[in-house]
Each structure stands twice: as C-alpha cells, then as structure tokens.
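In what follows, a single structure is set out as structure tokens and then discussed.
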Amino acid sequence: GFAQVDMHRALRKGFPEVIFGAGKTPEQVVGIATKILESEERVLVTRIQEEHARALRKKFKKAIHHSVARCVTLEKSPHTKRPGTIAVVCAGTSDLPVAEEAAVTAEIMGNTVDRIPDVGVAGLHRLFGRLELIQSANVIIVVAGMEGALPSVVAGMVSKPVIAVPTSVGYGASFGGLAALLGMLNSCGSGVTVVNIDNGFGAGYAASQINALVEQNMKSVV
Amino acid sequence: GFAQVDMHRALRKGFPEVIFGAGKTPEQVVGIATKILESEERVLVTRIQEEHARALRKKFKKAIHHSVARCVTLEKSPHTKRPGTIAVVCAGTSDLPVAEEAAVTAEIMGNTVDRIPDVGVAGLHRLFGRLELIQSANVIIVVAGMEGALPSVVAGMVSKPVIAVPTSVGYGASFGGLAALLGMLNSCGSGVTVVNIDNGFGAGYAASQINALVEQNMKSVV
Amino acid sequence: GFAQVDMHRALRKGFPEVIFGAGKTPEQVVGIATKILESEERVLVTRIQEEHARALRKKFKKAIHHSVARCVTLEKSPHTKRPGTIAVVCAGTSDLPVAEEAAVTAEIMGNTVDRIPDVGVAGLHRLFGRLELIQSANVIIVVAGMEGALPSVVAGMVSKPVIAVPTSVGYGASFGGLAALLGMLNSCGSGVTVVNIDNGFGAGYAASQINALVEQNMKSVV
Amino acid sequence: GFAQVDMHRALRKGFPEVIFGAGKTPEQVVGIATKILESEERVLVTRIQEEHARALRKKFKKAIHHSVARCVTLEKSPHTKRPGTIAVVCAGTSDLPVAEEAAVTAEIMGNTVDRIPDVGVAGLHRLFGRLELIQSANVIIVVAGMEGALPSVVAGMVSKPVIAVPTSVGYGASFGGLAALLGMLNSCGSGVTVVNIDNGFGAGYAASQINALVEQNMKSVV
Amino acid sequence: GFAQVDMHRALRKGFPEVIFGAGKTPEQVVGIATKILESEERVLVTRIQEEHARALRKKFKKAIHHSVARCVTLEKSPHTKRPGTIAVVCAGTSDLPVAEEAAVTAEIMGNTVDRIPDVGVAGLHRLFGRLELIQSANVIIVVAGMEGALPSVVAGMVSKPVIAVPTSVGYGASFGGLAALLGMLNSCGSGVTVVNIDNGFGAGYAASQINALVEQNMKSVV
Amino acid sequence: GFAQVDMHRALRKGFPEVIFGAGKTPEQVVGIATKILESEERVLVTRIQEEHARALRKKFKKAIHHSVARCVTLEKSPHTKRPGTIAVVCAGTSDLPVAEEAAVTAEIMGNTVDRIPDVGVAGLHRLFGRLELIQSANVIIVVAGMEGALPSVVAGMVSKPVIAVPTSVGYGASFGGLAALLGMLNSCGSGVTVVNIDNGFGAGYAASQINALVEQNMKSVV
Amino acid sequence: GFAQVDMHRALRKGFPEVIFGAGKTPEQVVGIATKILESEERVLVTRIQEEHARALRKKFKKAIHHSVARCVTLEKSPHTKRPGTIAVVCAGTSDLPVAEEAAVTAEIMGNTVDRIPDVGVAGLHRLFGRLELIQSANVIIVVAGMEGALPSVVAGMVSKPVIAVPTSVGYGASFGGLAALLGMLNSCGSGVTVVNIDNGFGAGYAASQINALVEQNMKSVV
Amino acid sequence: GFAQVDMHRALRKGFPEVIFGAGKTPEQVVGIATKILESEERVLVTRIQEEHARALRKKFKKAIHHSVARCVTLEKSPHTKRPGTIAVVCAGTSDLPVAEEAAVTAEIMGNTVDRIPDVGVAGLHRLFGRLELIQSANVIIVVAGMEGALPSVVAGMVSKPVIAVPTSVGYGASFGGLAALLGMLNSCGSGVTVVNIDNGFGAGYAASQINALVEQNMKSVV
C-alpha cells in the first residue's frame, strides 16, 4: 500500500527506479528492492544508513555497501561497461561522500569512472597535474563546497560537458551549500550545468545519460 | 584597454568567446566582435538591444539580428550541421525569448534544432502530441517559468539528457524566476541538470557540447 | 490558567477547537481534550508523539492513535458521513505522514476519503491509472515535496477544486519545503490553492468545509 | 507559431483558456482571443494595459474593459448566473485592483459577487458591520496587503471556505507582498487556503470552482 | 578575564547589566552574578537551563527560578512597585515561555503585570472579554507566533503603546518566527513597535522604561 | 465606494485616521481628507508626491506641505503642545526624509520635537556633543540606514525609550534596508524597539503615544 | 542644517570625510565639498552623476571627473605617492566601473595603482600572463561579478593581502551580486577579506590603509 | 587517496596548508598533519573536537590544544615573533571562541597578539578605556555577534586596517550570524573588510599577511 513502484521506468529511462533511502525504514527499502528485482537485473539504493545496509545485505547476498557514498548496489550479473569514461573531480576531502555517490551511480549504470579528489582552487597546480586524465573523459562531474569555484576553472580548460555539484561543506555564509549553488549557476565557464546541493546521484545519472547517448549513436551507425 | 579577448577559447572550448552584450556600449561590442573575427569564422553576441544590432549590421554585412532571441550572429561562411538534433521545448508564449536564445546558440554552434513551443503542464495533451519529435532528439532543452514543472514531466518520458532553463516569467512569489529555479533543482525526474534563470545561452551551449561529443566519438570510431 | 479553550468554535466553524500537540506536554493535551469533551461529541489532536497518544488512550478508551498521521481522534459516537468524496493524492512514499494527516482530519470531520498514494510526476502513467477515482471526488488534496509539480498536473485534468500541500520532503535547495511551496503558489494550473508546508490538517479542514458546503446547499434545496 | 492554444480546456476545466496579458503585445492578445472565440462563448484577458484594451475593443464590439481590475471580458451572450454568492472582502483602498480582478473573474465564470471593501483589522467594527453579508456567501475571498491579518479574523467568524489573497501593497519589510503571503500561510484560522501574491484571478477561479461544485451536486440530485 | 562587567549600567540605564545565560556555563553565570551583586540590589538572568538555575540557587538563597520563563531573579530586598500596570497578552498556549520572560523582566524592574493568555485571533471573543483590563494598562505587550496578527487587532482598539513580540511558534513557512516578525513590522495598527523573535526580555525592558517614564515625570511635577 | 473611512479612530486611538498617500490618486486623497475633516480638527497625509500636495493646498487653504517629509498636514486651529519633548536623531544626511516624516507626525499629534541630524557612528564625537539634548527628551527616535548601528549606541547612553527606524539608505548587501532592520532587531542596547524600514510615520506615532501617556497619567494625578 | 561634516576625520583616519554622492543634490555635494576644502588639501566625491560633476567643475577649477569610476577628485596640490603599489585586478569588462572606483580612491589617498582588467577564470592564461605584476604589489584588490571565483584563484598564488569586491554584474540567480558576495565570503583561498557589493571605494580605502601602514612602520624605523 | 596535500603552499603563501578539522575523522587529521610535518616546521588544525585533540597529542608530544579556540597547534621549534602587534577586540563573552581562533592563528603565524574582550557597544566606556592599546596595533580584528556594530565604532576611531568577524551569537532575527554579517558589510566606518561568519581563522590569517607585509618591506629597506 505505501508504494506504487514504477515498473516501466527501465523501459522509458534505461534504468530501473532508484530507491531514495532517506526517511524510509529498512523494511520499506528491502520491500521495494525485492519488488524491483522481480523483473530487473540491478538496483541502486541511495542515502541510506548502516541499518539499511545491514538489512539489505542480510536479504541479498550480492548487495554491496559503499559506505562513503552512503549507497547499496546489487547486480544479479555484472554489466559490461560502455566505452568512454566519466571523470569525477572534487575540491576537498570533505566533499568525498557526494563525489562517491556520483561515482557509484555512474558505475552501476554501466560506465567507467576516473576519480580525481582534493584538487580545489586554493592550489591549482594539483588540478593541472591531472588535466590530461580529465580531458580524456566524455563527461566531467565537478564536486565542490564553500565558494564552489572549481567548475568554472575546469570548464575553462575543457570542451566536454561539465556537470557541477554544489556541496553543503562549509559554514556561516555558505548557508548549507547555497553559496556554492549560486556560484555554479552563475559560472562564467560556458556549458556548465548544475544539480541540487549534495546531489551526487543526479550528477552521476545525467553523466551516464550523456555517455550512453554516445554509445547509442555509435551503435546506430555501425 | 577595456577588454582582453580570450583568443585561445576556440582551441580550448571548440567555439570562440561569446560576447555578453548587457552593460556594454555598441562601440565596445563592435570592437570586440572585430577583434574576434580577425582570427575566427563566426561570432555570437547575446543580450543586446536594438542599437547594438544596428551598429553590428552597419559594420558587418553578414550580421543577422535574431530579435526575439536578443542575439546577433555572424558567420563568414555557413557551418555544416553535425548529425543529431537538439529539441527546444518551452512551456508558454512568454518563455519564447529565452527558448530562442537557446536555439540560436545551438544553431550557430553547428546543430540542427527542433522548436516545440507552448506545451506547458496545464494542458499536457499538447506535449504528448509532440512526444515523438522530442524523443528523437539527442538532447532536450526545456524552458519554463512560473512553477517550472515541465522538465520533470519531460524527463519522466525520455532517456535523453534534459537541460532545464528556469525563466523569470511570473509574478509575486515567483521572485524573478527563483520558484522555477528551485523547482528544477529539486526535480524528481532523474538526470535533469539546470542552468541560471533566463540563461538560454548556457543551455544551448551545453546541449551543443553534448551533441558534439556524439559526433567526436563517432568520428574516432570511423 | 495556561489555556482558554475556544468553546464556541463548533458553533462558529462547525467543528470544535482542534488541539495542536506540538510543544504541549501530554498532561496539557489531556487537560484540553477533557475540557472540550465536556460539551463536544468529538475531538482531534494533531502533531503528537507516542507519549501523548499513550496518555490520551489511558484516559479515553475510545481514543484512536493514527500513527503515520501523528494524530489522535476520539468520537463519543460515530459520525454519519456526508455525501461526496475527498481524494487525497500524494507524490511519494515519504509524503505519507502529511497525506494521512489530511485524510484523518477530513474523516473525523464527517467525510469519505479516497487515498491515491505514490503517483508522482516522474512516472505519470501511475496517475493516469487512477484518474477516474480522482475525477469523481468533490475536492482533491494533492500532497508533494521536492519540486511540488503534481498539483499543476492534476489541476490540468480536473474541474474540481484542488488544494495543494507542499511537504518538507527533499534536501539541499528544497530548503525545508520552500521549493515545493513556491512551485505550488506559482502553479499554472488554474484554481489551485495552497496551505502551509506539511499542513495536512489545514488541507483536510478546508476540503471538509467545501464538501460540507455542497451538503448544506443541497439540504436547503430539499 | 508563437502560441498553441489549449482548445480542450473548457471541456476539462469548465472554462476556456484565460489569456495572461502581461508580456504579450496587443496583437498577440487579439490573435489568441480570436482563436478562442472561434469555438467558445466567452473569453477573459487579465493583466493588460490601456493599449491592449483599446486593441480588443476595436476588434470586438462586445469587449468590456474593467480598468481597476486591469481585465477585459467578452461574452457572445450573457451567462445565466448560478445560485449562491461569492464575497470579495478587502482590507484597504490600495488592495482594490487585486480584489476587482478576483470579482471580475468570478463574474465572467457565472457567479454573483458581493464586494466588501476597506474593512481592514485596524478598525474591526467596519468588518462586523458587514458580517451578515459575508456569512451568507458560499465562498469568501479575502484580499489584504501589509501584514495580511484579515483572513485569519474572517476565518474565525465563518464556517465557509476562505481563500486568502496577499497583495504587494506595503513597503520596506513587506518585501513585495512576502509578509502578507507568509502571514496567510501561517494563519491560525483553520481552513484558510492561499494563492500567489496579487493573484486575484486565481482566487476568483478557485472560488468559482467551489461554487460550481455546489451547483453540480444539486443538479445531480434533482 | 572572560568578562568585563558593565558596572555603570544601573547609573546610565536605571537597571544593572542583565545576564544572558545562553552559551555560558553555570560557573560563568554564577561568577558574573556575584560580581554584579557586589554593588547592586538585584539581578536578572535570562535564557538559562535547569543546571544554571541549580547553581544559582545553591550559591544564592534568595534566587527564584521562573521555569516557564527560563529566568532566575534575585533581589536582596523587594522593590516597591511603581504605579501603573503593564499588560502581557499572548495568542496561544505555546507562546507562554516568551510571554513569561516579558512578565518576569517587567516585574523585577519594579512594575505590576497583568497576564492575559491564549486570546488569539482565531476566536476574538476571548480577547473582547478581557478588553477592559488591557485598556487600563499603561503599556501593552502582545506576544504571538504563526501569522502574528494579534498586535494589529489589539492596537486597533487601544490608545496605549503596543510592543509586539513575534515568537518562533509554528512550522513550515513560519521560518522560525520570520512570518510573525514580518507581519508585526507591517502592522496596519498605528503605533506598534517590534522586538526580535522570542525576545520577551526586550519587550519587558522597553515596557518598563515607558512605565518608569510616567513615574519620573509625575515625580518631577509633584 | 472605494474607501470606508474609520470615523471612530480618534475616539479609540486619540488621533483620526491618517491617509497613506502612496498608490492613491490626488482626487482620492482629497476626498478622504474632506470626509475626515467633516468631524475632525486635523488631518495628516503621508507618502505623497508634488501633485497630491498641490491638490490638497488648492482645496484647503491651511494645508501645509512638508516637502522633505513627503507629508501634508492640516489643522483647523493649532494644537497646544503637551509637555515633554521627543528627540529625532538621525545618522546621515540621506536619512532626512524618514526622520522628517517622524518629526512631522509627532508634531501634528501635539508634541514638541528636537531634531539632531547627521551624527552617525563613523564620528561619534558629533553624537556626544548633543547628548544633553537627547537625554532630556521623554522618547528618542533614532533613524539610520546602512548597518543601523546608531540605536545601539544611543540606547547604551540613555534610560529613556528608544524607537529605532531602519532606512533603505545604502546599496548592495543593504538589501533595501534589510541590513539596518536586522541590526536594530538584534540590538544589544536593551529597550530598543523597532518599526518597519523607512517607517518614520510609525515611529512618530508610537513616540507620541508614549509622550501622551505621561501627560494622561500626570493629569489623572493633578 | 542638513549635514554636520566630520571635520576631525583626517586627524583620526588620515583622510578627510569622503562625500557619498548618491541621493544628494548637486548643491548639497558642492556645499559639503566647500566646507571640507576650508581646512583640507583634497576631497573625494563618489557615486555621482553627470550633473554633480558639472556643478563641482564649475565651482572648482581643479576638480577632475573620473567618468567610468563615477567619482570626482580635487587636490589643491598633488600628493607625493608613497612607496609600494596596489594592484586592481578585475574579471570582466563589465566590472570596470567598480574597479575604477577602487583605483581612483587608492590614488587620491596617495598610492600608485596597477590596473589588470578582464582576466576572469574562464580563461586563466590571461591571469597567468600578468602574475609577476600582481605579485609585486603590496595589496591586491580583486573585483568580480557573476560567481566571484577570481579572488580564490588569485589568493592561492600570492602571499599578499587580497581584498575581494563582489559586483552586481550578472543576472537571474546572481541576485544583484549576492552570488559573488557569498562566493567570496566562503573563499577557500586563505586571507581573503571582503567588502560590500560594488564597493570599490571601500576596497581602495582599506588597501590604502594597509599600504600606508607599511610606510608608517618604515618611517618609524628610519 | 582521500587527500592530496598542497605541499607547495608555504612557498606560495608563507605558511603551510592549514587543516580544517570539521567533517574529518581523527585518523584523517593525524594523517594529514604527519604528511605536512615531513617538510614543514609547524602545523595548525582548526575546528576540531576533543577526540581530534587527543589523537594529535597522542601522536605528537609538542601538540598544544587551545580548547576555547577549538584548535591544535604544533611547532617543532618556536617562531621568533615579527615586530608590530595585532589587536583582537571582541564584543561579548559568547564571542570568545571565534576571537580565540583568530588569536591562535595569528600567533602560530609569528605575530604578537593583544586581546581586548567584552567591550561591546552597549557600554562604550569599556572600549574607550582600552583605546590606546588598540591604536598601537598594526591591524585590528573586531569580533561581534548580534547586530555587529562594534567594527563601525572602532573603525571610526583608528587609522589602521580593521578586519571584522561576524559571529553566530544571537537568536531569532540574527539568522545564524546573518544580521552581524550584513551590518559589517554595510559599515559606514571606512576601511572595514569582512570575513565569513565565525571565521576567526580567516581574520587571523589576513591580519598576519598584513603584519608580515610591514616586516617584508622593512627588511627590503634595511
């Protein structure tokens, strides 16, 4: 009664309904996951706590808990990865949970991910040292809190789509990530698009859709 | 003295510096355009008024004024369009200037654009009647003011990347587009990314980067 | 001393004063309920915690604890339901507590309620599958968090009054329900009215007033 | 090209698409009105200026300009009014344009309207003097700016649905109507629902839907 | 070292420095109180918790803990009360802690206080029943949360100074008392002045200054 | 029809309804003034423009236009001033219109006013030079824009009631007077009460009520 | 009467009172300037319009109008410049008026200024090309609108004090410079301090105080 | 993997990377400190809790825990202090943690610090009593919560650079320090620059950069 799982989603969107764990009990999460796995090959659960992970791993042997990312993934059989990479760049150590949520989402959706952590604008040489890896990706996710300046700098140096993720890292006038969010929306680096504060999931999902598009078009050619 | 045009931008980004006309005099705009055209094939000027358009057309015979979009474009010779289309969907008649800015930007950057205007959520059958055209695009730009609900609905029905553009259309508690912006950032339609309020230019630019990515990867295969 | 119960309210408003439990001790709540039941047939207590429910059920045998709704109701003898139904539509599983508060309020006030949960805009076919039930109601309450787009879509498809309830479900730029609230206030679906964030009680109360109006007018005719 | 009029709206909603004049040229407004009148009996245009009114009256002999309300209405033949009244109560002289927009909307939709102006809470005896008229209505629209306290007071004295309309009347910390809006959303007068700042149209529309509901149910009985 | 008590304050302001307990340890509070009592007859401590009260009562026999008001007062010998009363009116049961803080402050400063609780605008007859008592006061403090409408109504009925205190009582769009604060600042009831959200202390202090003024002028006459 | 003048106000409040000129036509203002003067000795019109002043002076010979204050006053015969003074202190030259509105309001209500302009906190010696005059007043109105620090400083040096008026003077992060308003609400100077941004009228009115209170109590003694 | 010029300011602060032209008439500005020049060697007028400049130049032969900076300066005899430079770096062409206000302020206060315009983060190579000049300054003022990322990048590369000036350049979610302001306040580049939006004057003043400090200390050594 | 310490920072900025403890585990903090101390003489850790301090002191004998400041410092050998002092002025006892963070930062960076606590504007004589000490400093840090008026007053009395630090001390309309922040940004005291709410670290860092500048210039002269 409490949920009406969208069982057509994989058809329309290419991936089954993702379970948003926040505010759900472990039982509800296990129930919805069971329902989805009746007809799907894989499932992703985000924003969970230890107890949800335990409940899921107790029920499903193959469930994997990504603890920094606060996610559980479950695949009946492994995906073959599509060509092309997604780079996940992050500004500081404290932004890692959000960056990992993006990376885990992109991986379960069939993509290869390169992680480039702790390269914030206070010491740009760290970013320049990783530039080649970044430029070789098909899509670049940039995660940053505080003033959120990193996406502008990255977008100025690449021709690939940049997805910016503001985080709630900071204090005072960061207002829970608002400063980073506004900064990214006003980026002078053309072509930057933005997702909600701390929304690593959304960035990983959008990046996967873009990378999948390349694959789809290539297939239709061959 | 007043400007230091970024003459490497086409190399790094695939398109020369775009001139932001707001707050510049017609003379400044013509000056910067002249500088860019010394080494580039095409130029885009956004957020201009009648007088800027006149000054540009007086100086450059080939300049085209897109009056609804408030843009001028100028190409020494026409681009060949890359494969794949970009759909520009908009919610109401009043959102047209922003939608046109997106469309003109995507076109000057070498893309074919399909326009689907006035299909807001108050009468969804209008959207359903255009669904095939929307689903056939590589990227979908969705422009909406007021509550900004259209991107969520579109994203629920397609597997392609959706770029949402909030507009300042509305009054009272729309707070200059804030309501639409927040709505789009909180979209429950997975994979929606967002640009600044009224930033048709940014959406067109990002969509073009995505579409170009398809082309690049296809070329590298062939 | 601490309270001056409004003992005329049922006369003026058709229903006795409702007890707002938040910030009151169990003793205060029991005290006010006792006072009201001296002269009234029924009482509704909202926003309570487990301990208030326990205290009320200890004192009053007929007290019913609606735990998802965080309410207690108590009727000396059952109401006869008035004709016509109120539909309570909700977008996601996490919106259920607010939707239930609306439903319980409407029921204790003498109305028949139809519940339509988890039909958010990310998968509209779920809504379309329940459309007939929704259209047959006299009033429709639509509960949604995040971007709050569902009331616009529902209002576009029915001719009945739609009462929208934004919830605080979401994170980041949802700003505690502000995004949903602004979205609903700016709805392009004509005839939508809005109550406070998470105010299921207010929506149920207003819906009951509307449904009662139908009954009153019908009586005056017959 | 610029608009895709929703020609099914009268079927779904009971009234044809209403034209929002703000940001449209007189030519666009006349064009859309002409299109609607091809198949509908009446049309309502809101938020217009003198020049739109002139253009409409030049084209349509029967067009009526409601100048305080900033609306034009046009009926091929007069509506028969449905039973029951809608009261439009307003706090101060400066709130009149919004109150009139509500009244004109309710009237063109087939309702009888009672106007009760300038009865704000600074001198409550003015309100008490009109109480009987207010209590005899089926629905009460209350329009107020500044602190927006009037709907709470009215709702405390009637059992009928109250629709509150905050206005942008005020200065300083009224923040363009925000103070009144927040006040109304937090009303302790149970059963108050709220529309956008200055949205007289929305209040009139919702009130008409409620009054029509009475009529529909009565018909189905008889 | 941690504090530099303002020992001249009673001279300049007529009352010694008041200790703001929030964020101070019980030891700090006792230390500052001891210092003040070296040269003063009385002391007021606000915003304390149980443990501060215990520490103060252990050290000072005459300390009185006003638990609803979250204050401690201490007088070496009782004040003679000045003529005239201060009325403390409050809208709902949940506003009591703030109302009591105002009352306790006014009393320790030498005033007689009349308390009129739970007379909010949802049932105005409760207010009318207490009107004579309110009108007989020299100053009226009105405490209200949610939409904060009560000060406007009171101010419309009296010729005495009204000090409005918004409280953080409410949820959702009350935004921690912002709705009530803005409402009171925009009051159409002339002569209303406002203090910070939940600042019962400030209201009591200002009311006492006004009442003292009467006394001072009367003395200078006699 | 457009206004329902509150003809009992002088009875309840001690002064007839004050006409808020903003958003009213000269004709409306003259009409309301005429109505009030049928039964009252004096009238105050605030927030007017040149044309309202002209219309009022044309109709009423005794009307006086206070142009800096943007007010018109009209007295059939002069008031005798009550004892005690009201000090109107202001921070900078740009705050003068608001300070004058306060002064004119207090004067027409029968008070003697001392003006102390341009003594902001950037050069405190200017304030100290006027301290005796300030301390001799019964009530002190302090008007300041930008950071609004002056009321805190004044309140620290006097024992009389201080009414703070934030102004919209400033730019950028002053956000139309919000910075000054918040500063004054958070004043560490005990006993400061606050009115709306730019609300000189409200401050003058409240100050007059306080000064009148002194007079009333003195009379009742004598 | 309207102003009380702070004639001691040069003694206390090292520079005479600066005239803020906004909201003053040309006559008032000329009057205050005349008063200051009675005892001072130089004067600075900011935020003026053409007509103020004309009035000042008519009265004072030596007045210089800095039109981009919207300032007038006047020196009876030229200052000798103190050692050390102040760098004024700006992100885009549209930020020039604010950057010039900072530069003109620093110059009239006796400093040598280096201007480095249009080196925003979208093309960082432009900044790197000017790095030596920037690093040789004693203080660096960085002016930027939109997302305001430039100060973070500059602060990461220098050991000198960086003063960040957010500008109101941008649209939509820049909210009049709020995005840039919040970005700069949250800068991860240690040692960045911030002034108000568009406050070039304040930045120039603070930079001069720092540079003067060097000079003072050096003098005291020699 | 989790961090990429910026090992060049001391070269570029004159001080090694400072560790921001908030949101890091004790292990992460010890790990980064160890890495930095491989090549640096000293390290500063800010925003830590008891357990981080314990872990650091267990690993490093010379670690010092500044508990009020919530910092740990560690120096292999003591710094020689540079000439000149930095004054840290604070308004109230509750602002001490932020003031101490500023003082500890300035000290570990090689500066002599004078502390002047609890001299807020409610009793200005306390400030005047310490004026000489304040005026003798090279840089003045002013820390204040609530309305944040102290920096304006201090800046009016000194010719040295003033760095203002707003704190989150306060309640209600202080909105977590926003009131103090806005007050300081709008300061009429020329030359005030501002850092983030509660950012004692940033103020200490900036003050040290300014004081170091004096030293550098003096050295280059000698």
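Brief remarks on what is shown
Here the chain labels run A, B, C, D, E, F, G and H in written order, and each chain numbers its own residues starting at 1.
As a convention for this text, a residue touches a chain if its C-beta (ideal position, glycine included) is under 8 Å from a C-beta of that chain, and two chains touch if they have at least 3 such contacts.
Quantities reported herein were computed from a predicted structural model and do not represent experimental measurements.
With steps allowed only between chains in touch, the distance from chain C over to chain G comes to 2.
Put simply, chain C has to spin 90° for its C-alpha atoms to lie on chain E, with the angle rounded to a multiple of 5. Per-chain Cα centroids separate chain E from chain F by 25 Å. Centres computed as Cα averages put chain E at a distance of 46 Å from chain G. Averaged C-alpha coordinates give centres for chain F and chain G that are 37 Å from one another.
Among the residues of chain A, those in touch with two or more other chains are 12, 92, 122-123, 156-157, 172-174, 178, 181, 185-186, 190, 196-197. Chain pairs that touch one another: A-B, A-C, A-G, A-H, B-C, B-D, B-G, C-D, C-E, D-E, D-F, E-F, E-H, F-G, F-H, G-H. Residues 93-94, 96, 117-119, 122-123, 125-126, 169, 171-174 of chain H are the ones that touch chain E when the two sit in their complex.
Those residues of chain G that touch chain A in the shared complex are 91-92, 120-124, 146-149, 152-153, 155-157, 170, 172-175, 178-180, 182-190. The touching residues of chain F, counted against chain E in their complex, run 12-15, 18, 83-84, 138-139, 156-161, 163, 181, 185-186, 190-197, 201-203, 205-206, 208-210, 212-214, 217-218, 221-222.
Those residues of chain F lying in contact with chain D across their complex are 1-4, 6, 8-9, 12, 17, 20, 22-24, 28, 166, 168, 176-178, 181, 196-199.
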